[in-house]
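The following block contains the structure, expressed as structure tokens.
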């Protein structure tokens, strides 16, 4: 299967990075009990904005995109600082941020899957690369802030949304669906699942709940 | 020195991954005080099963094995879920799991050393790659679960067993010993040291104990 | 822009690694409340000595220097053990260690920037690679010891010193300044800023201080 990456314009890619950086900075700026200085907030913003793409390119053994262009780092840094400075304003715009973030996860997922396929990675690991592109920034953020990784605790189906979208994209790409169309469908699916999960408070069954589910234990 | 990797059949490699995934899932399923959902347990299983090989391939700058085949990720995920579902059964089989795990460490160590040598890495770093292949999964697990890294605290000689086996393997490979034979000896040595360490409760001298060892301080 | 790396003699590079390893071991040896064994201290020493270079080479997708030579790992391990054994002696030499460490940060920064430029990384990410080379060891140390990352909390301008030096080096390299001269200036600038920061207790404005700085909020 030969797949060309789902190419998105640079400005759209940088918008996704900027949204991630704003989110990361807002997240760390809210940790009032810790003494994080300006540099720390900028670092977290950069990590959330660029971390997913970095993990993606490490996994597929390619030069990270952020290392191949002069644009990514300044954009991530600038929007991290903006996010910190305007944290009160952005708090009021929270629904907008959540919406943009859902689209951003979808974009990172679609770019990750198609880039992996384009470099010859088989279907299953390609879908994994897509999921890690989407959620890697928040994993790195939690590890650097010394927090429990949000993703692994009862949460709002972040990774599952990305997983469904990436699986769908791999199936479509293998079935010969035109890659731009497949990518757009992936972005839409991830966005909708994520927004529905936020709206209805969906979460995965918790481990303890299952452990006390008698029929399942007997199986 | 030209070394062909210590090739083991795919089913044996996947068995090692499966044992790691079961162990990782059992470990995180026991953390009752934390709210880890199904996804979190699956992630830890995948990390323990595939983490060592991933760090190995990042260090030697090659496409990770798990990214080059459709088999690794599903096997790791499936056995992580099995490990979680059957945690009570596996608890009863604990001696068997410890035995399999000791062999698994040996296999990862032998594969790591010979793969590194095969890609032109010199002897000393090749032995290091072998050790990291063996223990990398548990390091990543502890970092992701926000725990102190077990390896660095007074423990049961996990890394030392791998270190002795990897050093021996590098010496044998440099001396022209046939690589399959050298690999098997490495696996045996690691397994035996690890099992003896568990049996007799061996551990490295603790830092404070040494600090209060007067003759040593005078040296 | 074609840049040859700022080549320093192997003994000087290894000296920088040794200083890092001593510092890392001293740092972890002082954590008396934790039960860290000899292996743990050696690991932290190796991580601080080699971590920056490792992150640098991962970012620019090259085989890590420590994997390409038999010298780095033994030097880092030996000096980590020496640092642990002689922690009292080195405590008395603290000003010397701080001075050597400042030079070491400068060296890692200069090597990181020029190596990145030499492999075709553009100016902005090349400066970033230089900063990460300088501070990466201490970030990895804090993540492995499960500590808040010192760099992100109100501290002593570690990363800013490296940032100024790396930016300057990139500008000089782009302006055609001879690379050895540019590298030496970078090392000097980083060293001087770092030592002045230690001497006068400089730190970045804290997040909370800024949040309560009325004029800035109005801007």
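Read from first to last, the chains carry the letters A, B and C; within each, the first residue is number 1.
Quick note on the criterion: contacts are C-beta pairs under 8 Å (C-beta built on N, C-alpha and C of every residue); 3 or more make two chains touch, one makes a residue touch a chain.
Protein names from UniProt, one per chain: A, B, C = Glycine transporter domain-containing protein.
These figures come from a predicted structure and were not determined experimentally.
Visitor: If you apply the touch rule, which chains end up adjacent to both chain A and chain B?
Guide: C
Visitor: Can we say the copies chain B and chain C touch using the same residue numbers, with more than half in common, or are the two sides different?
Guide: Different; most numbers are used by only one of chain B and chain C.
Visitor: Please compute the C-alpha centroid of chain B, do the same for chain C, then give the distance between them in whole Å.
Guide: Centre-to-centre distance between chain B and chain C: 29 Å.
Visitor: Would you mind listing the residues of chain A that make contact with two or more other chains?
Guide: Within chain A, residues 58, 61, 143, 146 contact more than one other chain.
Visitor: What part of chain C is in contact with chain B in the complex they form?
Guide: Residues 29, 32, 34-41, 43-44, 54, 57-58, 61-64, 66-70, 72-74, 84-85, 143-146.
Visitor: Looking at the complex, which residues from chain C come into contact with chain A?
Guide: 58-61, 116, 121-125, 128-129, 139, 143, 146-149, 151-155, 159-160, 203-208, 210-211, 216-217
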